[in-house]
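Two complexes, one shared chain (subunit A), two partners (subunit B, subunit C).
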Partner chain A sequence: MIAQQLVNGVMLGAIYVMVALAFTLAIGILNFMNFSIPGLFMAGGMATWILIHRGVPWWAAAVVALIVAAAISLAVERLSYRPSNEGDVEVPLVSSLGFLVLLQSLVLATVGSDQQAFPAVLGDLNLRIGGLVIGAAQVLSLAISMVLVIGLTVALKSTSFGRQIRSIAESRETATLLGIDVGAVIPRVFVISAVTAALGGVLFALNYLQVSPFMGENVGFKGVAAMIVGGMGSVWGAVLGGLLIGVAEVLSIRLFGADTVDIAVYGLLLVLLVVRPQGLLGKPPAREKL
Partner chain B sequence: MSGYQTGVLVILCFNIIAAYAVYLPLAANQLNLGIAGFMAVGAYAAAWLTTELNWAIAPAVLVGGGASALVALVVATPILRTQGIYLALATFALGQVISAVFLNLEVVGAAAGYQVPAYAPAPAVFAATAAIVAVVFYLSRTRFALYLTALKNDATVSELLGLNVRALQIAAFAIGAAIAGIGGGLYAHHFSFIEAQHFNVALSITTVLYVLLGGTQTVWGPLVGALVYTLLPEVLRVGAGWRYVLFALFIIGFMAVRPRGLVTPDLGRRLGAMLMRRARPGKAVP
Partner chain C sequence: MALLEVEGASVDYGRGRVLDDVSLSVGEGEIVTVLGANGAGKTTLLRAIAGATRLAAGRVTYDGAPLDGLSIGERLARGIVLVPEGRRILISLTIEENLLVGAHQRRDTAAVRKDIAAIYERFPNLAQRRHMAAWCLSGGEQQMLAIGRAIVARPRLMMLDEPSLGLSPLFVNTLFGLIVELNRGGLTVLLVEQNAGKALAIAHHATVIELGRVVVAGDPRALQADPRLREAYLGQGDDAAAGPIEPILQRGTGV
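Coming up: the complex of A and B.
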């Protein structure tokens, strides 16, 4: 029974991995705590649901939802990130929180606050291995998130675009001096981050057969926790953190009941922030002064 | 005053109190994203005192504020080791943990919520708000506020000049928490019912948003932010759902064109100069 819980935890963790990945790209490359990501996660799941209701095939709905999320993310780049390039970190953080409130309340005002049932488009396919039951949607989300992680690692390491991104993360001025078109690279980073988050939202809907305006708040913020636990800016940290949070959540539901999840997850986060703020796989932060 | 007007004013009061609870740590460069947790501590402590121990409301609310400050003091030492974004996230996590703890605390009703028989009428809320605003305005004229500004502008230089940066940070954090706790206690006794779900991350976030909308460089900013946030949707008569849409658009637009908030010292100076010109026509200020 505990093995089944571990499997469920890892599968839930796969979703957190995607959100954590979206956050970690924004903070690692742009030093931007992009709080619109939980909103994009919700927008991904919600837009897919709305389109399916209008009769669009589910895979087409998912693709359109990802494009919508990417477009919103470009607006975040234009309105939250770009105006405050030289300012302190608080202004873009707050402005992106504004986007989160905007997305959430737009859905609340148009669709309502109810949790909506998402159709089981993948049917009732289940893999049975030994005594374990693994759903097709679970396998799909784990596979997609792993492909994304490995793809990102390879792309960052050995493509020209990846080198450009890493040099911007290192020093924006030097990157500009070396002839990198920073203004063209950054929007692409926003699009990648948004598509990752929204894909997480779509997979969440496929897995748990539900969407709601608050799904970003519930799941997206655990993605923040996952990112910090793993280490900000580290891709593999996001993987480790996401899986850890997923397992911690499922186990605490199993052992202590559903209401204790937030104590377990955010308590873990709080302790880690105090003891080891750079996270499990992160590098210690460089001190700016002294 | 009609019931509707009183209702709006009471909401305004709670928003103003919350705004100053966020403002004080922010004046010391600490973004507290867990203010709802501190409100919950004050609300539940005060409600428990009046309900179970039959205390009068006023001392119970004050002790609630004290309890909230105490929690802040206990967590301040570890939490304030973190800085910037880490501090914001640590307070965020703390807020989540506190409200989750109350969600599981059987003594105060757990998930079913907590009934509070003792009732604080609207005038009491107005008076308490006025007192809190007066205290914060008084603080803003003391050297303490000056120290916080120095700390906000450059913590290293402040330390070199002999300020006890840690003590100041902890003080700002704890005073903010005390105000939040008092606000929470009043809330519990005015609405006669509290539930842990009310003190959620959305409450923390919207409060921070309207404080920054107002601006944190002057003591007037949070007041203006709370006024705009509370009254603008009432004036525009938009439905409950759309008010947050409007508010969010306002925030995004404002942060793009005026990232320092509505009220800045510069605005104060320009208004002053304008009034001077009015008073003495012909002698234009260059």
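Coming up: the complex of A and C.
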């Protein structure tokens, strides 16, 4: 039975991975703690639900939801990140938090605060391996998040766009002097980060068959924890942290009951911050500049 | 007709004017050097030509067309490449990735590979460590990498900002040898230096700026030969040669 819990933990972790990934891209490349990401996660799930209710096929609804999230993220870039480019890093942090509140309030005003049932569009497809039961939505989540992670790793490592992103991450000033069009690259990073978060929201809805205006908050904080556990700015750290937190959450429910989830997850975070402040795969600070 | 023509260039920084009415001409295939003390405005001049700093007045003409309003990237596409002050190697990228970043505007991948191979041939030190992070390089190797990164951008005008700063004498010789070699291959060079002796030895024209203004311009051999000029602007003359030029220095010390 513990094996089944591990499987469930990994599948939940796959969704945390996507949120952690969205956060870690923003932090690692833009040095921006983008608190609109939980809102984009919610927007992904919620927009899919709304469109399905209007009769749109679920996959088309999901695609439109991702586009909506990307558009919102471009607005965050333009209205929150870009104006405070030269100033304190706390300014865009707070205004992006404002976007989270705004998105939640918009959904509250139009759909209401209730949790909504999301249709089981993938049906009752289950894989049975040995004694384990694995749902189709779970497999889909894990597959998509792994494809995304590997794709991002390859893109960052081996494409010209990836090298430009990493140049900007190391020193925006140097990248500018080398003629890299920083103003064109950064919005694309926002789009990638937003699509990742919103895809997490869609997969969450497909897995847990529910959406609500606040679905992003809980998952968002777990995603931040996952990013920190793995190491801020590290793609594989986000994977490791997301999976660890997913497993820790499911196991703690199993072993100690549902009330202990947050104690387990944030306890893990606390212990790790004491033992290894830079996270499991993070690099120690003070590597920047020069 | 000159490849690069700077006319009356002025740059303000904060409330001060760091570049004041500077004019300069660089002919195709020439090495032109700009000399002057720290803070004279040499870096600002190069940044203004590269498009990193906005001109308050004056204009820069390149290849017969004004560069007004063009971004760094657009000037790069026209062949104006800056090897910046302090080299600015990206230390979290590998040596090869640094070179590839230099070629980020180029789409002819095969030719880029060939250019990079040529740089490796010229600098075996870089070739050996091509897949290592660039922080493992010494200062001299970093400078070679910075120039290599500029070469793969296929420059027509290469601007070097204090390339010899902090290098060992051996590397300084290698560096100036390389600049001459590139120039013989047809590259136009605008060289900002504090190492005045070496720069004057390879340049076709020299301009000395002080506190943002051009004070002397002309034949580098004449500058080299004039002990008063060397004393006053280049900080390498002997005390006995000091004379009538001193008032200019005093004017300078007030700022």
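In this text, the second predicted complex is superposed on the first by the 284 of 290 C-alpha atoms of A that agree within 3 Å, B and C clash if a C-alpha of one lies under 4 Å from a C-alpha of the other, contacts with A are read in each partner's own complex, and residues count from 1 in each chain.
Here, a contact is a pair of C-beta atoms (placed from the backbone, for glycine too) under 8 Å apart; a residue touches a chain by one contact, two chains touch by 3 or more.
Note that the structure is predicted; figures quoted are calculated from it, not measured.
Chemist: After the superposition on A, what does A:181 contact: first (subunit B), second (subunit C), both or neither?
Modeler: A:181 contacts subunit C only, not subunit B.
Chemist: Who wins on subunit A residues touched, subunit B or subunit C?
Modeler: On the superposition, B touches more of the residues of subunit A.
Chemist: In the superposed arrangement, does A:255 touch subunit B (first), subunit C (second), both or neither?
Modeler: neither
Chemist: After lining up the shared chain so the two structures overlap, which partner does A:127 touch, if you call subunit B first and subunit C second: first, second, both or neither?
Modeler: A:127: touches no partner chain.
Chemist: Regarding the shared-chain residue A:171, is it in contact with subunit B (first), subunit C (second), both, or neither?
Modeler: After superposition on chain A, A:171 lies in contact with subunit C alone.
Chemist: For A:146, is the partner it touches subunit B (first), subunit C (second), both, or none of the two (neither)?
Modeler: Neither partner.
Chemist: Kindly classify A:117 by the partners it touches after superposition: subunit B alone (first), subunit C alone (second), both, or neither?
Modeler: It touches nothing on subunit B or subunit C.
Chemist: With both complexes overlaid on chain A, does A:160 touch subunit B (first), subunit C (second), both or neither?
Modeler: A:160: touches subunit C, not subunit B.
Chemist: In the overlaid three-chain picture, which partner chain does A:224 touch, first (subunit B) or second (subunit C), both, or neither?
Modeler: first
Chemist: Identify the residues of subunit A that lie in both the subunit B contact region and the subunit C contact region.
Modeler: Touching subunit B in the first complex and subunit C in the second, residues 290 of subunit A appear in both lists.
Chemist: Any idea which subunit A residues touch subunit C in the complex?
Modeler: Answer in residue numbers: 160, 163-164, 166-167, 169-171, 174, 176-181, 287, 290.
Chemist: Going by the contact rule at the top, pick out the subunit C residues touching subunit A in the complex.
Modeler: Of all residues in subunit C, those touching subunit A are 50, 52, 71-73, 75-77, 82, 84, 88, 90-93, 97, 100-102, 104-105, 149, 153.
Chemist: Quick check on the complex: what are the subunit A residues that touch subunit B?
Modeler: So the residues of subunit A in touch with subunit B come to 27, 33, 79-80, 83-84, 87, 89-95, 97-102, 104-106, 108-109, 217, 221, 224-225, 228, 259-263, 266-267, 269-270, 273-274, 277, 289-290.
Chemist: Mind pulling up the subunit B residues that touch subunit A in the complex?
Modeler: 31, 78-79, 81-82, 84-86, 88-90, 92-94, 96-97, 99-101, 103-104, 110-111, 156, 201-202, 205-206, 208-209, 212, 239, 241-242, 244-245, 247-249, 251-253, 255-257, 259
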